[in-house]
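A single structure is presented below for examination.
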Amino acid sequence: MSDGLFFKPTAPMTVGEIVALTGAVPREGAHLEQVITNVAPLDRAGPSDLSFLGEAKYADLLRSTRAAACLTTARFENLAPKHLSVLRASDPYLAFVKVARKLFPDALRPASLFETVGVSPGAVVHPEARIEHGVTIDPGAIIGPRAAIGSGTVIAATAVIGPGVHIGRDCSIGPGATIVHALIGDGVIVHAGCRIGQDGFRFHSGRHGHTKVPQLGRVIIQDNVEIGAGTTIDRGGGADTVIGEGTKIDNLVQIGHHVSVGRNCIIVSQSGLSGAVVLGDNVVLGGQVGIADHLEIGEGAMIGAKSGVMSDVPPGEKWLGYPALPAREYLRSVAAQRKRTASSSKA
Amino acid sequence: MSDGLFFKPTAPMTVGEIVALTGAVPREGAHLEQVITNVAPLDRAGPSDLSFLGEAKYADLLRSTRAAACLTTARFENLAPKHLSVLRASDPYLAFVKVARKLFPDALRPASLFETVGVSPGAVVHPEARIEHGVTIDPGAIIGPRAAIGSGTVIAATAVIGPGVHIGRDCSIGPGATIVHALIGDGVIVHAGCRIGQDGFRFHSGRHGHTKVPQLGRVIIQDNVEIGAGTTIDRGGGADTVIGEGTKIDNLVQIGHHVSVGRNCIIVSQSGLSGAVVLGDNVVLGGQVGIADHLEIGEGAMIGAKSGVMSDVPPGEKWLGYPALPAREYLRSVAAQRKRTASSSKA
Amino acid sequence: MSDGLFFKPTAPMTVGEIVALTGAVPREGAHLEQVITNVAPLDRAGPSDLSFLGEAKYADLLRSTRAAACLTTARFENLAPKHLSVLRASDPYLAFVKVARKLFPDALRPASLFETVGVSPGAVVHPEARIEHGVTIDPGAIIGPRAAIGSGTVIAATAVIGPGVHIGRDCSIGPGATIVHALIGDGVIVHAGCRIGQDGFRFHSGRHGHTKVPQLGRVIIQDNVEIGAGTTIDRGGGADTVIGEGTKIDNLVQIGHHVSVGRNCIIVSQSGLSGAVVLGDNVVLGGQVGIADHLEIGEGAMIGAKSGVMSDVPPGEKWLGYPALPAREYLRSVAAQRKRTASSSKA
């Protein structure tokens, strides 16, 4: 739901247009000409808002909602009050997201914080940087020599783009982010304060302390990746660090040197991937997961929150725990231990 | 203890003034006219310093201290050398803190890093921003259109305030912090590099990857909240993310979309609150705690460091462990397990 | 391996010069006059690259490498094809690192992101700052009053140096880093977005909430320390926070007020040290470790990744687990528990 302060719908839609966009089926009596200007949860929706109901536990809210229209499944349809325009969809939430994306295109990626276009007077762009037409650079942003930035990309205030960095088209680089030694594709979102491309943590340790190993690789970020605020991605030493197409990374994640992340992975906040870890495609890591160096997590594997992974994980498996095990095994182990404790304290 | 390089006492106090400020009772022979210019631990205090003693394990230091005056309880009073001005207080540490706050008002919240007042020439303030009289904005700070900043607030160097953000009075926004889509109360301290108001981590995942769900909510920070360096607070999607009055958050904490934190909570470093978590008032989270999404932690509950919380926690309870349990139960379980291991390895 | 985009070798070396630099012994037939321009892993090396082989598991790559020269031990020497210049060394990786450091001196510490020297026009330097000859300050950097910066130091774009901060010679301060209330030695590397010197997390908690305790101490960083991106180091309250000479700290680490870290320690990513923790010299902390306040970790101790340390650790010991125990004991406990679970589910 938008309060109108930060996001305004670009153009309202009628219920009929929502039907056309989503393929939802209107219940008899739905007001197809009704104008929708906002999206909202059932309990907060007002008379020009669209809402949705997907789960039984919220079904009661449907009876009392003030929303104008609601996307839901056949199962809940009859709970809705008569005045409500009910739109039947197989996946009401997906339909709802489609409408929200249409109503609020400004929320699809971060915009200029100065609401400007082109290169702002307060930005510092090196004369040897190559800035395509249609790039927006906010005040306080710094673009180094030979950096190349593609059309439609927004560089927010105080972001820093280092020498030779390539950024594709239609990207959003958040305020305070710093990017060095990196090649970045199209449609990439880098949120505030990300640190991309600094030295990996590699030393040769001997009697007289730790000698820095030169880190000569790069960070490669493929198309449509999103990277959360404060996340750090180190460049590789010998080989590159790579983040695959469509992967989404949450806030404060650490990705070490020479890590390779597959396509369409999900990495939740505060997880850490040690050096040379490999994630296959479609891997999901819960929050605060840690993965030891050089391990491989197979395609489609899911690792539960706060797990500490100390061995390879085969494709498609669900693992959990510290040290991590197949989830079923770990949960059985925890349950058995607690049962023993309970029975021994009764004895 | 201040070395005089970074903090200087604004005006020294006499022992008599300290008595008046704290309500402490001077021991017979205390030099009420003695001038105090600094505060220090017993073992590092010099002849114009105030110190304190609260715990028996530091009592020996009292015998040999070079401090001019010492706040302590009746219990330790007689251990003090004759020359020392002893001030009896029921809570010596609280009294000590009161004096430190009086001597060093500059340390109560971060100040301008350029030691300037008003809007610095090197700052970039959008013409449509509303800056009250008495605001300080350091060089390199960027203030977007329609941002509103209240009197007495300091915006440190390179901080970024996005369009439409409201910041109350007497706040300190640290260097490199970025604030978007947020409404911030009075007396709020945001330390260096905080990330407030960026998109929550929400996607609709399907066969063809992850579709971004527009995040239309805001972050609401109530009065007298303090937020540590590098902490990230995402804005809500449908509803707002809210941090309640007087809550203190440490460094590198992650707070997800639509989280609601109560009043006077303490959240220690590197903890993570997943989407839609609710903390009641006066909740304490130790360091590196993780809380799974949509859980509720009741008023006054305390969660031990590094716990992984996977269920609601009732008000007032102490929980610990991974997965977290009531602390007594968890500790019993750990002890029992280790006893079994010890006995089986002897067998 | 450098792709030439971000790092170029300053001057190529001959195999003979590599022999002289490293003390390696050339196999008969080695081409001492061969020119080496890059370093690379065995499987990616080309005909003017130096590679190395240290472990048996990569020995097969030696047979098929296209490298010009390879550092290895006597053990693997005979597996190398005839055309390859084999250089025998007792520690091939150390020798390889020496060559990489010689070929790519620009990779030994982060350089100006604007490839400039001296104080850049876009930087803001307070007239009372003391900048030695030979300092480089990038555009967007802000240097406060009485800050002192030594010769050879690079302050990257948008870094902020607060009032009175001292930074020694030949340091690199990364983009977006903020340093206040700190004294920093020579040869220190502070990566992007580090937060050094802000208030420690200390409050006096009472019935009416949490009262801030003034934090009057400093952060002391000794010579040749390296600090990873996004890491936060709070200043002390009464005494200073100290990081000892030669210590290396990874990304997103939290170091609380009044922590004392010894010399040549290694602290891996996302670890957290609570207030007043003491690490002896040569301590190693794995990733995501947490250490409770006021604990002491003895000289040379090693703490396994993701451990939660709740008691002092004696010098030289290896500890692991949550709660942490001596590693052998912890692993035995985990193994015993899992064995019991396995046998009870069979029963």
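Labels A, B and C are assigned to the chains in the order they are written; within every chain, residues are numbered from 1.
One rule holds for everything that comes next: a contact is a pair of C-beta atoms (placed from the backbone, for glycine too) under 8 Å apart; a residue touches a chain by one contact, two chains touch by 3 or more.
Quick caveat: nothing in here was measured; it's all calculated off a predicted structure.
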Thinking of each chain as a vertex joined to the chains it touches, would you call that graph a line, ring, star, complete, or other?
complete
Since chain A and chain B are copies that touch, is their contact same (over half of the numbers shared) or different (under half)?
different
Take the average of all CA coordinates in chain A, do the same for chain B, and state the distance between these two points in whole angstrom.
28
Chain A: which residues touch two or more other chains?
140, 158, 176, 193, 230, 252, 270, 288, 322, 337, 340
Sort out for me which residues of chain A touch chain C in the complex.
124, 126, 140, 142, 144-145, 158, 160, 162-164, 176, 178, 180-181, 193, 195, 198-199, 201, 203-206, 209-218, 230, 232, 234, 238-239, 252, 254, 256, 270, 272, 274, 288, 290, 292, 308, 322-323, 325, 329, 332-333, 336-337, 340
So, in the complex, the side of chain C touching chain A is made of residues 1-3, 5-7, 39-41, 44, 93-94, 97, 100-101, 104, 107-110, 113-115, 122, 138-140, 156-158, 174-176, 191-193, 224, 226, 228-230, 246, 248, 250-252, 263-264, 266, 268-270, 287-288, 305-306, 322, 334, 337-338, 340-341, 344-345
